[in-house]
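What follows are several structures.
Below are two complexes that have chain A in common, paired first with chain B and then with chain C.
After this line comes the complex of A and B, so read on.
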């Protein structure tokens, strides 16, 4: 039985200097090219959860898949170095990956080609674009269950035990069904580190390459195209109003909220 | 004397609220931020040697009274300010007393005539620096612990800052100092630009690590904020090339405030998009009065290009400046991932430093079974030599004992190799309790001088027992 973790390489936006958050003259670009490329942090949590499950059960096999060019193999090598069994890269043109629908379509093709896959894990969202939709679209395309905002999964007695974070608490689910799971960050859940020896060994391990440009298995009309119109940076707008007089606080608050809502409506 | 009697005395002197006996707080104060303890805490380590109490000192008079009592009753005491030590120098033996000066935190005077600032031991360096900046000055002292460290501890550990190649280490910055000896005398060394009046007594305090008394007040130099700054980074193919470049620059008489060489592993981690595979990185900042930085910057560039270094512009420096102290917000990050991780800085003469670097990297990679990484950089350079700041991480079985075994193995390799080539086992982190076992080899015949000084100043052996000189 196989678990797949979808991982994405993103720029480490924490490293981008404050003064560099400036849109260029074309209004379509911010230069973040000098930031290191890292694994999307939500995907790191998903990967760690997958490895904890495969640590606990020999019947589970782990695989990672990424969509991108050869540079993105760095995160696949990292995954192999920390114990993932297989790695796959779907090689595409960059414009094919601008929308969650496209990404889900490409993943759908890969997942349906392998009957052993029982569970698909994705990070809840990526640090670039932050759509937070890929997992849900993928589940719909696959016709599988979808569990979102999951922070823990265990495999015990042939069931997946899933814990989800809700607005008002935690939900625990037990399932044997195929599912797509989107993972949120979990406190004190960090991706394990690869030893130097395993990092060296991972360089020799094979990475399966799927080139959809050549095979053209994905129908052209199933890929949407988003055209970027422009980028703007919204100025931060903060205000603090102190409410005094305990007895009238609720009235003051009510008035403030109504004024805000009326302003938004206009 | 019974513990309750001891506590009662302190409460009489300081007031009940300033004598802390809460076990959770005592556990927090039981150690410092040494990497070994970070990962051991993750595996469940708790100190079995809690202090009896923590004394929150507010005045020098209180420090005197407390020290006299402690000495008369032979109670082991641990002076402490910011708590950012990394060598187990602040670990509490059982029944000891922590003398906490972090609330003794007033800036006494900024003297713009003499270019000095006088501050109590508990003044955070960050506060001192921000205060100076508002008036157009700087302390020139920028250790990575800047967000955490306080003045007393910075002097006691013989600390150094990232801009040291120009401004010097704390030993170059200290002008005057006041402290309380283990036997309770309040002593003051006055401010002076230079003197020839016997051995420089300030050096008893510099690097004392709490073993020779309690520092209560320091006066350090200040500098005008630089009018000009030139930042440039270069890529190099070999680490030794980087060392050769730095050596040529400093021996020619140039003193770029920031002079750093990162090996290929560190360079890839921090500056990957700027460099090619297997390149290291050199970082230079020149600063000073108008015209000075450009002059020095051009000289640095000439030397670098002569050695076929590749220009990378100033962006790597901008990144370094913005993120150099980020680790202070995530000190236990690697521990949470179950890794034994820490840093170890050593120094050596130019003729030996490259050999130490190469041998440590090779030995650690070969001998440590679950090594994650070992890296090194040079960050403080002199006409005679430089330091290497090793950083290491290794996985281990999830137990306190396994963590210690792995840590000791890696540290041991660094210490042995350094001593083999006549290097020094500590460049600026101090000795603490952890490195004291190598002090005899480090000092050789001069170890007797240290022992005699300790005996003279602290006849009852009460001050931070086990630091500098191991307990036999």
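After this line comes the complex of A and C, so read on.
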């Protein structure tokens, strides 16, 4: 039985300085190409959840799949180094992956080619266009159940135990059916580190390559591109007043709280 | 321009969720536009119900399917065949993220989650939406191709909508369908005690700079004294210092309290999106160059423990 984790290489937006968020008037784009390429944080959580499941049961096989150019193999190598069994890259041009329908179509093509796949994990969204819909559309295309906002999955006694956060509480699901699961942030679910030896070994492991030519027929049925007209950035025009030591800062804070909440002295 | 809002919120008790949706729609020449509400309710017979700005309320009263997504999608497809709206807006209790792509995929139309606003220009016939992209650092302006399904970001902000004099027309729909056999999935639900964030007037947001679980506990003690609710950024939740339902930001809760005090928050865009509508923001962060100060009304560059402990000492004196 196989679990697939769909992972994506993204720019580390935490490394982009506030002043660098500028839309280039000519290209109508934002140049953040200097930022590091990392694995999408939600995908990291999904990957760690998958590895914890495969750690707990020998009957589970793990695989990662990504869509992208050769650069994106870095995250596949990382996944192989921390214990994932197989890695696949779907080779496409960047412009072919701008809508969640296109991405879901490419993944659908890959997943339907392998009957062993029981569970597909996706991060809830990636950090660039923030569509957050790939997993759900994929589930609909596959005709499988879809569980969103999942923060924990365990595999026990041939069942997947899935926990997802809803507005008023936590839903616990027990199933052995095929499903697509989108993963949200999860407490203490940080991606494990690879040892140096495993990192070296991972460089020698094969990565299955699926070329665009093979998947082109899938794309013909996809929705046309979403029309992104422009990008804008809302800059704050606030002037922050810094509290200085002229008067005890804690007293100033106390006064501010009282003023804005219209309360008696605390 | 015809818009259909599909909801499962209890519209008989409160229409605040519908008001929230309506406050984000900007329709030029609004008399030319129609907004319908689609609702599933088997027991409802009262035709005096009216919702502000809604022309017609379609009540599907013969649906007995326990599968929520399927029943909603079947109803939406039936409505679509009969009324062909330009836009579906989805406002569900828990399932926007599930249902919007699901319906879009069924109807083969484009879909957008967590939009900030929708605009229709009557002259140019252009339908546009604005949604956060690049992790909330940037706003993307999209033109919708033809038909689309969207949802708006959930928020607890106080809203003002235009009041209309006209009354909604109630339409009862007797549509039914054959319910297929579902696969067996066992489900249970664990209720989490309400944290009061949505209605809180004073919220303290803890960031990674707070430093440890012990320090979070100190902030909680302080919050009790000043009558605030404590919540956290994604990093704080990831570290398990606070429970997940206390996450503030684009993927958590969007708040608009009278006062928001941030402690050890650097000011990443997803968090800022969650607190930006606060009436006043006070930020405590030792790094004077932290991004949060660009969005705060007041800034304190001291160690938060010095400020809070002194506060408590002063209080004792």
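The definition used in the following text is that the second predicted complex is superposed on the first by the 225 of 266 C-alpha atoms of A that agree within 3 Å, B and C clash if a C-alpha of one lies under 4 Å from a C-alpha of the other, contacts with A are read in each partner's own complex, and residues count from 1 in each chain.
Assume contacts are C-beta pairs under 8 Å (C-beta built on N, C-alpha and C of every residue); 3 or more make two chains touch, one makes a residue touch a chain.
The model shown is predicted, which means the values in this text are computed figures rather than measured ones.
J.: Where does A:197 make contact in the superposed view: on chain B (first), on chain C (second), on both, or on neither?
T.: It touches chain B, and chain C stays clear.
J.: Where does A:85 make contact in the superposed view: on chain B (first), on chain C (second), on both, or on neither?
T.: The answer is neither, since A:85 touches no partner chain.
J.: For A:188 in the superposed arrangement: first (chain B), second (chain C), both or neither?
T.: both
J.: Chain A residues in contact: does chain B have more, or chain C?
T.: Counting residues of chain A touched by each partner, the higher count goes to C.
J.: Tell me which partner A:236 touches in the superposition: chain B (first), chain C (second), both or neither.
T.: Second partner only.
J.: Tell me the contact category for A:129 with respect to chain B and chain C: first, second, both or neither.
T.: The second partner, chain C, only.
J.: I'd like to know which partner A:152 touches here: chain B for first, chain C for second, both or neither.
T.: Neither partner.
J.: Per the contact definition in the header, classify A:249: touching chain B only (first), chain C only (second), both, or neither.
T.: In the superposition, A:249 contacts chain C only.
J.: Between chain B and chain C, whom does A:34 touch in the aligned arrangement: first, second, both, or neither?
T.: first
J.: Touching chain B in one complex and chain C in the other: list those residues of chain A.
T.: 18, 188, 190
J.: What does chain C use to touch chain A in their complex?
T.: Interface residues on chain C, with respect to chain A: 93-94, 97-98, 100-102, 104-106, 108-114, 128, 131-145, 183-192, 194, 201-202, 225-227, 234, 237-240, 243-245, 247, 250-251, 258-259, 261, 268-269, 279-280, 282-283, 288, 291, 293-302, 306-308, 310-311, 313-315.
J.: Which chain B residues qualify as touching chain A in the complex?
T.: 269-270, 272-274, 315, 318-319, 322-323, 333-334, 336-339, 365, 370-373, 393-395
J.: Which residues of chain A touch chain B in the complex?
T.: For this pair, the touching residues of chain A are 15, 17-18, 33-37, 188, 190-197.
J.: In their complex, what parts of chain A are in touch with chain C?
T.: The touching residues are 13-14, 16, 18, 21, 23, 30, 32, 99-101, 104, 124-125, 127-133, 136-137, 139-141, 145-146, 148-149, 151, 165-175, 177, 182, 184-190, 223-224, 226-234, 236, 238, 240-243, 248-251, 253-254, 256-257, 260-261, 263, 266.
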